[in-house]
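The same chain A turns up in both complexes below, where it pairs with chain B and then with chain C.
For the complex of A and B:
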């Protein structure tokens, strides 16, 4: 099956053609903000990181920056920096250039202050938005797509309607040769043995058990037994009783395909098929990680209703019940509550959702895109978080 | 020069600004705050990635700081925006915060309102009524003893000790209350034998106290605001692009070359102790309403100091 996408110089396929203003540290948030106010066609986000980070924590943050700067949904990137960040800014710019992006690197230090940085950024953003029409959509196989799967604000319906329907989409995409990412390790707790059985090798199975153990141990270090602290208050109100129940519902969104590999946060899958990315359960940090890892699109099921999106990737919002769909129609793209209402089977809902995904890949706007949602968050693993 | 003016609030708080503030209780509520602030530039807001998947002491610290920001003396009224399913449990946070003050406070829950646009409408209706009330307030004479000054500095603490001590002594002589990040505790010892140490973003019942700093300068500035600083003096050896939405940041350069290159991002230059009276004089004008460079540029930023991992 083919979709219409942008083939980038590095061979990767984009489904959007964004001009991204990328602030690599909090020192330049306001500059990014002023630029997009003057060039509203460009996208940006608020970043509270990028300074006073070290070690594995810094590496992970840089992986997110590089993942965004080289992302196939991005046509051009204005990299904004303070100039005193503890890492090589040129390297990020060079990676983006190597990926075929139009790149402008602006540092507060080099241009002489905020006002000049804003002027320079506006000029670059205007140039990129004027030029981006040169990139045209063309037929590309669906196998080039990486889908990020996500559930947030889960309720008792999530594991019955929305997540199994998303599982159907994941299986259909994998059957086409594409890639699907399952993440939020916190919500694999209690279901890890079932996933391990689906691993392609004993090594992958061991890795699945390892990442679940690791997140539990991290919580223990905070003096919290996560099996007691989860589910979240909103989940309980939505009818979920235990973390195991939440997890068993959660993993339905990964369908039934074998698990090819386990990757770290914001890492790019090296294999097609179903993969697991180790992320926290936090919706936005998870979403940011999957998109940085190359997901061109995300499907996000929600029981309680969530409005969130991503600056550079379309996020399709799926309600797990008709009440939430009706109540938050401005934010939600798809109603899987039809399964609960007895109007269609999981398989039918899944096929309908797959069709919507194809339309969005081809350019149809999601509700989160129309409303300009741009949530962003990096998962921090440092001593100081 | 010695006539300070500020807003006296019904509950006895003194504010050097009269802000209206929107606080998203969770990352999922950012867009509501952001969109309304675009349409009503008068509205102050923060954008952040927290409030969900936090546990233990880290969650408690976040709740404390959110509550203290909503009640900040520079704020006339605050509105919290929650999604409805977050770990911070905004409804509980809201009722607990409400018990602590007589400031106008409101809570909008996106899931109850019916989505982003419906929630924005509720925030806007609230805001329009509060703007009228806030604008009816006028500045009145206050004294330095009503004012808390936060002081932070770039670079190694021992290199800044001399100049910081001079500033601390000058402000203490005027009667101001002082809070500094813990690395500068020594500077406070010049004016107080007993310097209480508080956690990041917490307050103290003392005329001079030190606060545990964040992992970077923006977290420290956010913490000083939550600790109760009405304004923040930032001695900088580099140019910066951040401020805080609720407290004016008064940024003076301590490096002449940096100042010469980036003078319009700074409020002044401090060469030695002889410049301190000039700084104090500027602070009195900032207290009384003069905008700082960070305020003019709208450098409203926020960073939460996290002490535990996201789960």
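For the complex of A and C:
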């Protein structure tokens, strides 16, 4: 099956044509904000990181920046920096240029103060938004699409309706040769043995068990029962009792395809098919990681009505029950509660959701895009220094 | 799972797997309601109010025994559970990522020294 996408200079396929204002540290959030106030067609986000980080933690943060700067949904990027960040800003700019992006690197130090930085940023953002029409959608096979799967604000229906329906979408995309990402390692605790059985090799199976063991051990170092955070109060109110129960419902969103590989946070899949990315259960950090890893679209199931989105990728919200769908219609694109209501099968709901995904890939706006949701968060694996 | 069709019209409950100890209420259930499987595998009388999406036991589970849903272990019973009982955080604990138990064991070991 073909969709209509933007084929970028590096051969990757975008489904949006964004001009991104990318603040690489918290020092320049205010500049980014002022630029998009003057050029509202551009997108940005607030960033709390990028300073006083080191080692693997800093590398992971840079992987997110580079993932966003080179993302196929991005036409042009204005990279905003303070100038004293502890890493090579030129490297991020060079990678974005190599990916065929229009790039402007502005450092506060170099231009001399906020007013000039805003002026330069506005000019670049205006130029990119004026020029981006040159990129045209053209037919591309669905096999070029990477889908990020996510569930947040889960309830007991998540494992019965929303996640199994998303699992159908994942299987259909994999059958087309595309890629689907399962993540939220915390929410694999108690279900990892079932996933390991689906690994394509003993090495991949061992890696699945390893990342779950690692995140469980890290959680245990806090010396508390993780119930309260996993499952969260909203999950518990919705009927989920333990992390094991939550996980067993979560993994339904990965369908039934074999698991090809396990990748690190914000890393690009090297194989098509179903892959696992090692992320926390934190919705925004997970979403940011999958998009930085190249996901052009995310489907997000929710029992409680989680409202979040992403600056550069469409996020389709799926309600797992009809009460939440009716109450949160402003934020939710699709009702899988029809399965609970006995109105359609999981398979029918999944096929309907797949159709919606194709429409959104072709340009239809999601509720999160219309409402201007641009949440962003990086999974930190080291402490702030 | 993709074959699941809960049937025409709204169902009151669903059992996810034949090995399960619990069913999920798809509508709030009141005490005294009788819930019977079509295949005759169980019939229970609801003992406490069961909110939408919450679990009730379809067979007895002894304190300390595993509790199953999706055909898998979702935790351990912290009290004897009767058929028809509400099954949730008051009578089931997680068996995983229990940093609290690890911290307690570490502290007891240090105190014993």
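Everything that follows uses one rule, which is that the second predicted complex is superposed on the first by the 379 of 385 C-alpha atoms of A that agree within 3 Å, B and C clash if a C-alpha of one lies under 4 Å from a C-alpha of the other, contacts with A are read in each partner's own complex, and residues count from 1 in each chain.
We adopt the following convention: a contact is a pair of C-beta atoms (placed from the backbone, for glycine too) under 8 Å apart; a residue touches a chain by one contact, two chains touch by 3 or more.
All values derive from a computational prediction rather than experimental measurement.
When both complexes are overlaid on chain A, the residue A:127 reaches neither chain B nor chain C. In the overlay built on the shared chain, the residue A:351 is in contact with neither chain B nor chain C. With both structures placed on the common chain, the touch criterion links A:167 to chain C but leaves chain B unconnected. Within the superposed three-chain model, A:222 lies in touch with chain B and with chain C [touch as defined at top].
Of the two partner chains, chain C is the only one that A:191 touches; chain B does not reach it. Looking at the superposition, the partner that touches the larger set of chain A residues, chain B or chain C, turns out to be B. Legend: residue contacts after superposition of the two complexes on their common chain; A:156 is shown touching chain C, with no touch to chain B. Using the contact criterion defined above for the overlaid structures, shared-chain residue A:234 touches chain B, although it does not reach chain C. Of the two partner chains placed by superposition, A:137 touches none, neither chain B nor chain C.
Counting contacts as defined above, chain A residues 219, 222-224, 226, 230, 238 meet chain B in one complex and chain C in the other. Across the complex, chain B is touched by residues 26-31, 34, 37, 46, 48, 51-52, 82, 84, 108-109, 112-115, 117, 153, 186, 215, 218-219, 222-224, 226, 229-230, 232-235, 237-238, 280-285, 304-308, 324, 327-332, 371-382, 384-385 of chain A. Residues 27-28, 30-31, 35, 38, 47-49, 52-53, 55-58, 83-87, 89, 110-111, 114-118, 214-218, 238-242, 261-262, 264-265, 297-311 of chain B touch chain A in their complex. Every residue of chain C that touches chain A in the complex is listed here, in rising order: 1-11, 14, 16, 24-26, 51-55, 69-70, 72-75, 87-89, 92-103. Listed in rising order, the residues of chain A touching chain C in the complex are 155-157, 159-160, 164, 167-168, 171, 189-191, 194, 216, 219-227, 230, 236, 238-239, 241-245, 248-249, 252, 255-256, 303, 321, 323, 339-342, 344-347, 350.
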